[in-house]
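Two complexes, one shared chain (chain A), two partners (chain B, chain C).
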Partner chain A sequence: MRDARNLWSRRLATDFRAALAIVAALAAVPLFVSSPYWLGILIVSIYFALLALGWNLLAGFTGQFSLAPAAFAMLGAYATALLDYHWKVALAIGIPAAIAGTALLGWILGRIVLRLKGPYLALTTLSFAEIARVVVGNSHEFTRGDQGLNVPALMQSRVGYYYLFLAVLLAVLCALHVLMRGRAGRFWLAIRDDETGAESRGIDVVRFKTLAFALSCAICGLAGSLYGTFSQLVSPELGLLLQTGLVISMVVIGGMGTLAGPIVGALLVYLSSEWLRGVGNIQLIVFSLVVIVFARFFRTGLWGLATGRR
Partner chain B sequence: MSLLATSGLTKHFGGVAAVESMALSMEEGEILGLIGPNGSGKTTALNMLSGFLAPDAGRVWLAGEEVTGMKPVALARRGLLRMFQMTRVFARISAFDNLITAGLARGLSEKETQSRAQALMEELTLTPVQYLDAGQLSGGQRKLLEFGMCFIAPPRLALLDEPFAAVHPVMRETMAGFIRRRNAEGHAFLVVSHDMPIVVDLCARTACMNAGRLIAAGPTREVLKDPAVIEAYLGSGSHA
Partner chain C sequence: MLALDLFVNGLIFGLFYALMAVGLAMIFGVLKVVNFAHGEFYMVGAYTYVLCAMKLNVPPWVALPLAAFAGAALGWTVERLLMRPLYAGYASWSIMKDEYAVVVTFGLSLLLINLVDKVVGPYPYRGPPLIETSRFALGPVMMNGQKLIAAGISIALLAGLAIFIKRSLWGRQIQAVAQNRLGASLAGIDATRTTSLIFAISGLLAALAGALLAPLINPSPDVGAFPAIKSYVIVVLGGMGSIWGAMLAALMLGVLESFFAVYVSYDYRDAFGLLILMLVLIFRPQGLIGEKGREV
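Up next, the complex of A and B:
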């Protein structure tokens, strides 16, 4: 692309408009779909879209390949559930507490893995994710282990939940757009492309990497916390590596480093996964093959294919 | 007061003394050349001056303030910027966006950065490729872009590591012209280079390193005639 459309601000504006159009289309869905089952599937798709946006902030925009998004969703869900279970803390406080707690944990993890790159970073975050899941699963007295914890619902209406998740998706999208349009977004892209170069230009790499970690984990924590109130049950299964694998495939297929891509990817992968359920338990095989094809031939994902960026 | 001064600057890698007791100084508005054969310690010295490597011993002052061991981001805030031998541009955003990012990193407003970036693109003859991703530029264009990123908010001192290596003569002249103009405005440069004609042309003073030690420093033409410098480059007996 040789014209001014290749400027970051223009690319981001186009990307954001496309993401808004998808959210607008999703807002109209309950007018045509009344099945509680399919609304539930769409709510879970939006939950994954939130995780995908959170992971994409770290991996797609900042170049930090973490394998812990599902673990942070689990921790967010457990933070809300445990506050309710042990101390009867209202959800109005439990959900913000989950966001703050996962942001703090993300910040700490970010500081720990600051100097790690590539496979070392991925393995360290994977270790953290597995340790968190095993600790939660084995702390029977505090978390009830694999039995899981019940969480009160925010509301009874499934349509209400659908619009709540959609509103949160919209809010996260707008927040990411504002961040990516400003200094932080440009510095994250610079860190992604060349960390040493970014440092030499005067960018505080330590500060912006930990900020990306904290925000990404907070988004995942928020998604997990909301999901817990929707499903009314949280268990260590939320943090399975399999869930992280799904999130990664959603972002790779949709388009890394974009706003619309992770949402498209999440909808496509989760809805197809539901359709494929009827064929047999082959979803992961299919998605793994699709991810290989995209990673090899279409590295910018569906969004890249749609906009002509290869 | 010197703009940059070092004393006893030392860095060892295992048993190898990459830089040993280096004492260097340069003044405001000066272009200082730093020459020496491959492996003589020039880049290690630059890495320590720009904060990318902590010295084992010795001290560094920038405009009278001790900056020994400071991180690159702290040094950039004090006006010391560095260009690398292998260019460090942000490959997946446009060349123009590279300049905007560099300007914002130096604390400029977006509006100010935009107008400076436009002017720099023209001066560096990069306007035709300003909307290409930086990763698509040629090696020479990337070096020019790095000049732009350094000078979007002019530094007090720019450390240039082999800026002219493997660059087309026309682009080399564009770079040399850029350095001359900025120097006329009072900006100082420390230029590491093997390109002797350009060192002679640009640098009033030059320092030469060999095997980690500073073996000569002074007016460029005198340094190039120094038997120790000739021997370092051409081997023993060559000045006889």
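Up next, the complex of A and C:
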């Protein structure tokens, strides 16, 4: 018991240090890269890193394989955009409102799907995601449908946005580390590995599962909301299932159930997809192939390969 | 009389849905996983039919079995390459079995869509119809020849499948493996080969659905997304894993949808089915028919 605990703590500490090193390296990037195009690409990769971390909390740490991360990013982005469009609410209130709103929705979704597992859970969250997208895309008078909504900018410069996204990434990373080191993290892992066993040892499974849903969805909502102010346009396309597919592939390639893995995966997938787009628009073919190969043969992802844990 | 028209057309779409959903139900029945690439089996069938007929000048009646063969080959290959870890005795895989299946089939779906998009092109193709007729009135029901023939073929296929599962040796082996994989293999049934067969059959049926509908839907690479989502709804409605439940639920959904689109809301018709799916999974996860209807 003690040994197992130390093992996990040590693993988490290495993992966290690696993640911090990546964030530190990212912080130095604007010193060398000044092209707004590449900064933009990096900002979008950090957006995906946030989604990947959020989804990983649910799927990698708690074992709840949701297919709705992109839908929650879309909902977060729309919450901010709609507050601004209809009621001229400032971003300083609009962004926290998006976080709170998606957290609440995530909590409700978590309560609803509490008893569902595996394929049933995947199908229910998939339907939730698609319903959300269809409703947002078709409520023309309220959301302007597929035309999308304009969002005011939060920062003046690309570099400003870059450091904003990076700061948020760091904050989310630290928060996740604290949670995973504490009781909640161990409870989540216990629920992932053996739900019945966890419950029989007195873990409040209902509470911790819904908590994981709420937090994960709030992270996705925050990411979406920030992305909206960066691109200054939100559209239902943010919630496409394809986006969820990208997030999943990032986490699977980077390493599920780790902190550094999703960040590495997001950077790698998004940056190389920019490169592959230049080669001939084959990025999605390559990534889906890589994901299948990783899922089939290297289940612990790059992080697992790097640390020798197969 | 509009109601009768809607009813008949709904039933016909229900037949096409059934072709898709039955395969999905069989896969779920045997492996307890959802095949998220099922829509792409349909897409591959539609493309094989259209490309054979248009580029190779194969007559439509020959292109149809070719499409079915392509679907069966694809299903068989997918099972051989990707589904084996789900049951072939990898002890450590069992914990993450569901996740593995979702990731792999989801990845496969993306792969096939983008491969076709890259190789064939993103534009929709219009397939040649099996017979040339314009719309005609069949009593109060507006009909066209392609739809009528496609419906006829679907009925024949579904009936054939039902007899195959009920009566033939292979069909009984499928039933046995679905009920108890270990028990079936102890009784001398090759469970591995049976699983391959199931994937081949469900690939075949989905591809045929795509080929039959190709003249009506103008296939594009992502054409499989909606039929796939419909078949998830159907499989859940019919009780996951039940073939008969899936057939019944497919007809029901076809009719319900065609009424919903006209009388309630056309824009939200796709959300409607998904809402049913969520409600059923939450309140009646065994499906509308329940355990009794689950034979495969």
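The definition used in the following text is that the second predicted complex is superposed on the first by the 304 of 310 C-alpha atoms of A that agree within 3 Å, B and C clash if a C-alpha of one lies under 4 Å from a C-alpha of the other, contacts with A are read in each partner's own complex, and residues count from 1 in each chain.
The working rule: a contact is a pair of C-beta atoms (placed from the backbone, for glycine too) under 8 Å apart; a residue touches a chain by one contact, two chains touch by 3 or more.
Computed from a predicted structure; not experimentally measured.
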| item | value |
| --- | --- |
| Chain A residues touched - chain C or chain B, whichever exceeds | C |
| Partner chain(s) touched by A:Leu242 [first = chain B, second = chain C, both, neither] | second |
| Touching partner for A:Asp193 - first (chain B), second (chain C), both, neither | both |
| Which superposed partner A:Ala223 touches (first chain B, second chain C, both, neither) | neither |
| First (chain B), second (chain C), both or neither touched by A:Ala79 | neither |
| First, second, both or neither for A:Trp8, with chain B first and chain C second | first |
| First, second, both or neither for A:Arg183, with chain B first and chain C second | first |
| Partner chain(s) touched by A:Val234 [first = chain B, second = chain C, both, neither] | neither |
| Which of chain B and chain C A:Leu166 touches, first, second, both or neither | neither |
| Which superposed partner A:Gly202 touches (first chain B, second chain C, both, neither) | first |
| Touching both chain B and chain C, residues of chain A | 193 |
| Parts of chain C lying in touch with chain A, wherever the complex brings them together | 28, 32-34, 36, 82, 85, 93, 95-104, 106-111, 113-115, 118, 225, 229, 232-233, 236, 240, 267-268, 270-271, 274-275, 277-278, 281-282, 285 |
| Chain A-facing residues of chain B, complex | 50, 52, 71-73, 76-77, 81-82, 84, 88-94, 96-97, 100-102, 104-106, 131-133, 149 |
| Of chain A, residues touching chain B in the complex | 1-8, 183, 186-187, 189-190, 192-194, 196-205, 257 |
| Complex contact set, residues of chain A against chain C | 59, 63, 65, 67, 112-113, 115-120, 122-124, 126-128, 130-131, 134-135, 138, 193, 241-242, 245, 248-249, 252, 281-282, 284-285, 287-289, 291-292, 295-296, 299 |
